[in-house]
Amino acid sequence: MKKNEVFSGRVILLPDDVDTDIIIPTQYMTLSAIKEMCRYAFSPLRPELAANICRGDILVAGKNFGCGSSREQAPEIIRELGIACVIAESFARIFYRNALTNGLLVIEAAGLAEHVKEGESLTVDMKENLLITTGGKRLGFAQIPSRLMEMIEAGGLVEYYKELNGVKP
Amino acid sequence: MGMTITEKILARAAGEQNVRPGQIVNARIDWLMTNDATTHVSVDLFKHKLKHPRVFAPNNTVFILDHNVPSETVNTTRVQNIMRGFAGEHGCILYDGEGVCHQLMVEHHVNPGQLVIAADSHTPTMGAVGAFGAGVGSTDFTAAMVTGSIWLKVPPTLRFELKGRLRPGVYARDLILTIIGDIGSDGAIYKTMEFGGPALSALDIDDRMVLCNLAAEAGAKNGIIAPDEIVSRFLAGSGRAVSAQDFLQSDHDCTYEKVYHYDLDKIEPTAARPHFVHNRAEVSVLEKENIRIDQGFIGSCNNGRIEELRVAAAILKGKKIKPEVRLIISPASRQVQLAAMREGLTDIFLQAGAMVVNPNCSVCWGACQGVLGPGEILISTGTRNFKGRAGSPDSFVYLASAATVAASCLEGKIADPRKYDGKETK
Amino acid sequence: MKHTLFEKILMRHTGRSAITPGEIIETAVDRVMIHDFFTPFCFAKFEEMGFTRVWDPEKIVLVYDHLVPTSFVSDSRHHKIGDEFARKHGITRVHRADGVCHQLMPELGYVTPGQIVLGTDSHSVTYGAVGALGTGIGYTEMAAVLGTGKIWLKAVPTIRVEINGTLAPGVYSKDIILQVLKDLGADGASYKVLEFGGGTIRNMSQEGRFTLSNMSVESGAKAGLIEPDSKTLEYCKKYISPAGLKGLAADDNAPYEKRLEYRAEELQPLVACPYNVDNVKPVKAIAGKKIDQVFLGSCTNGRLEDLGIAAGIVKGGKIHPNVRFLVVPASRDIYREAIRLGYIETLVQAGAIVNHPSCGLCAGRSNGVLTNGECIVSTNNRNFYGRMGDDRVEIYLASPATAAASALEGKITPPRAEADGTSIDLQ
Amino acid sequence: MIRSRIWKFGDNVDTDQIIASQYLLVTEPTAMLPFVFQSLDPEFAGTVKPGEIIVAGKNFGCGSSREQAALVLKLLGISVIIAHSFGRIFFRNCINIGLPLVTMEDFSSIAGQGDEVGVDLEQGNVFYGEKVFRFPEYPPHLLAIIKSGGLIEHINTAQED
């Protein structure tokens, strides 16, 4: 994900307070690999959703997305499913931080949900910090602090320290 | 011609004067029992297959939740709720998480001379109080619950004549593992294992339950010991008066298919290697093989009573188990749990680093609590060590006495308990 | 410049004489805790990042509590990986079956007032009850902390929660935090710190205070701090001297973004209803709802005082036949002390199923999971979809007193049934 | 007359090997089938075909009284089990659910995995290559249960008349 990129993707609409027990229920967290957990993502809320997510889709949610447990499998699974970015009115603190740690682009923007329908395309302009709906509605969002942007571009904290510790790719 | 105690019980239950081995009888049942591993199959048959479903004797039908308590999956809870609903609907007795099924039956219900049928293979435990106890499957159980009786082939009896006295650090558990090592896990198929002889005067109810319970692992239909003064004292202690004519004894001129003789002075601490109960080895031999262990378990209907907990506490007192070893202790019933707290045993276990869990089948059942991962090694006072019994198909279970389990957890490898001079001798 | 307790702790660690919300600082960490659920993930990231040794083995604590005793074949792998990492890096503080991580950390002195302590669990905020900055982070971030001993933190505004007066009988610290969650909402303290104070807090036992800090995260809070005092000193006496508390107090009229004021007398027994922690109602409002199970335990309400309150209520009574009453003491020492005081015997005689200290059902994987259509009153801290088995199990979060009263009646019941005058007395 | 391929098993195959405890507490029996013989022969559950026959040594089905051990073999389509000897409760459970068993000493040392075997339950004959082996008649009361297709069916008819 480069700094000034412009990309678009299919919208998936989620409500307020989507907690991390919904994103990945506890009983699947001892599976040895993130890949194996993906098919259970969101199962308590929408059991059919995980199987229908395609690479490049965009999650659009209400307030307090990712509240609850600090389980980092939640953002890791969302990234593994190929979600390009998560746009929510507000994020729970630990989820937001874990998302950055995993290089998952998370954008806070209010009032988007009323202007998009599930399945519609949405364009994200990281240069102008703009969200553009198929209906032509343009919504701005706050600039992501450069320190956090670096993390996302580096692909997350692991890549960041790999470089720092001189680990050969 | 005289009859054995088992033949007398079956004759009485079938309303016959006398019975012979091989004869088929239709026996009236005094107690029926089923647990959360088997009941849902019976309830399904009762509700969907039977044309005229009704429960013959609800107040003699006991439902016990003990195998997966507290429930580890939603499936288990659904199955357990079927059981709870049925017991409530038909007025059967229900124990919900109060302890292991056979322990509760002996503690609260079964009397000498009675006939007990249960959907659990360790029902021979009832022989400790001079009753006939045999295990059946869910369909048999359902039929028995509806008709109140069951067809049984009268088994020939093998007599185990016991003399002498167990030495310090040696327990009834070591004796029965030695016997099964001798006769093999099919050594008593379709037969009764009757234990008797002068040694019995020094074997209390706990020891007798250990012997009769594990008879199932030699394939026996039932295990039994003629009731005596020790049994009547035990029954009085739990508020049950029993008439003398229920204290059946084998006639002096009864016929035994075979008689085995055991001198208890010669018994050594014994274990069963994975993956068979008859795969016997002396603990002193295993000690030399430096077998590292991951987990120890003290509990089960065979070896989870206050007597075992006293033996384990005597060894663990003031010491600590190896840090990377898990020792799980499950009192066999609520009564044992309360007694262990009052006698300060629980505190000793907690100081030693053990886990003291709720009264249930626990690691012996191996499907809910204390489940082993691949490659892990368990030493257990449970009833079975079959492949994968306590979790992963690639895990290993050694069976042994509570003393051996406690000693092994102190050393992190299988160890002979006698060096801890088990002050708690019998 | 006036500062909150949170800002004072950051200043103490960075040597700065002032700090304002929004500033990002980097600070050393006094202690970290990793529990068994995340050992495989955390340590794999640590290796992947190319770290070869931990920054300081003395400052790392491993606690096995979510998967203890094991329920599935895959569980012990998490413990084996933890043991291996501890052996390789000389970590000696490994607790394999001693109780819940957030109870052990303060109980064993691994957290003391004024420290910064991180855990791979969102309820690490519990440590705020002894005046320490405790907060939860993800396992990748923890891997980086293991390698560097440092973390970046954003200074955030503080919300002051002031409670004065005396709680009515039957009303406990759990009811206070449920009231706060009702007023703030599940994200009311997101990117903020809660600071609890006032007369009611000063009179509250140290154990009661842990419940407040523990659930501050349920409103999104980064930390839930309580000014350490003589009670904290008594609780941590084996590990700190009075000097350790110097300077650990907010300045008078420190800059709070918001103040919540409560009169303790006006509070009543509350319950968080499915499926959100801020969906809080008076217990009276839903009294009478049939229940199938009660869980007494967790790092929120599994302490000695909680077991004592429940024992007082069930003493001489019998748990309702339709209810499974599961009790899990929060730590080994609490379990021993509760046995010595007779609490466990009373609970078992009433029909409770008492288990070895661990997260128990609160971990939400085994240990008493329920099916859709079933209903449970529980003293832990979360009631989301699927948190205790099937995805629509109804979980009602309440105090140990409400839980015990409900277990007796077989339906949701307030601890002091004022309505019909029958009072289920406490001790 | 049943004629089919056989699956060979050794001595002392206990019911934990047939179906492990952790798979028993399910409301839908078919949920157990993928795990049958998981610890002994993981291929079995996926490759066994309806009608096939199990041949085993001593003490087949020893151990636990779990009737699910008999049920899962019947649901997988096993038509008959021939063994040197059976665990007592397992024998009873198979009869009760209408899964026929044949006790025949040392047959397992003759027949090999995958061989063809024929079984005539009424006449009491087992055919292997050119050889014919007799096995003892069932006692009358067992034959009655087998004929009605199982114990419950037997009770239903008995309660009728």
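Odds and ends about this structure:
The first chain written gets the first letter, and so on, giving A, B, C and D; residue counts start at 1 in each chain.
Everything that follows uses one rule, which is that contacts are C-beta pairs under 8 Å (C-beta built on N, C-alpha and C of every residue); 3 or more make two chains touch, one makes a residue touch a chain.
Not measured: the values here are computed from a predicted model.
Looking at subunit B and subunit C, not one chain touches each of them. Between subunit A and subunit B, the centres computed from C-alpha atoms are 55 Å apart. Rounded to whole angstrom, the centroid-to-centroid distance between subunit B and subunit D, based on C-alpha atoms, equals 27 Å.
Annotation: 54 Å between the Cα-based centres of subunit A and subunit D. Contacts with at least two other chains are made by residues 72-75, 77 of subunit C. In subunit B, the positions touching at least two other chains are 73, 78, 371, 391. In subunit A, no residue touches two or more other chains. Taken as a graph of touching chains, this assembly is arranged as a line, each chain contacting the next along an open chain of partners. Chain pairs that touch one another are A-C, B-C, B-D.
Contact residues on subunit B toward subunit D in their complex (touch as defined above): 24, 36-38, 40-41, 45, 49-52, 67-68, 73, 75-76, 78-80, 82, 119-121, 135-140, 142-143, 146-147, 151, 185-186, 189-190, 217, 219, 221, 276, 365-367, 371, 384, 386-389, 391, 393. Subunit B makes touch with subunit C in their complex at residues 69-74, 77-78, 81, 94, 96-97, 294, 323-324, 326, 328, 334, 337-338, 341-342, 346-347, 350-351, 353, 355-358, 368-374, 376, 391-392.
Residues of subunit A touching subunit C in their complex: 17, 19, 21-22, 25-27, 29-32, 43-45, 63-64, 67-73, 75, 90-94, 97-98, 101-102, 147, 156-158, 161-162, 164-167. Against subunit B, the residues of subunit C that register as touching in their complex are 68-77, 80, 83, 94, 96-97, 321, 324, 326, 332, 335-336, 339-340, 344-345, 348-349, 353-356, 361, 366-371, 374, 389-390. Touching subunit A in their complex are the following residues of subunit C: 24, 37-38, 40-41, 45, 48-51, 67, 72, 74-75, 77-78, 120-122, 136-141, 143-144, 147, 186-187, 190-191, 220, 222, 276, 363-365, 382, 384-387, 391.
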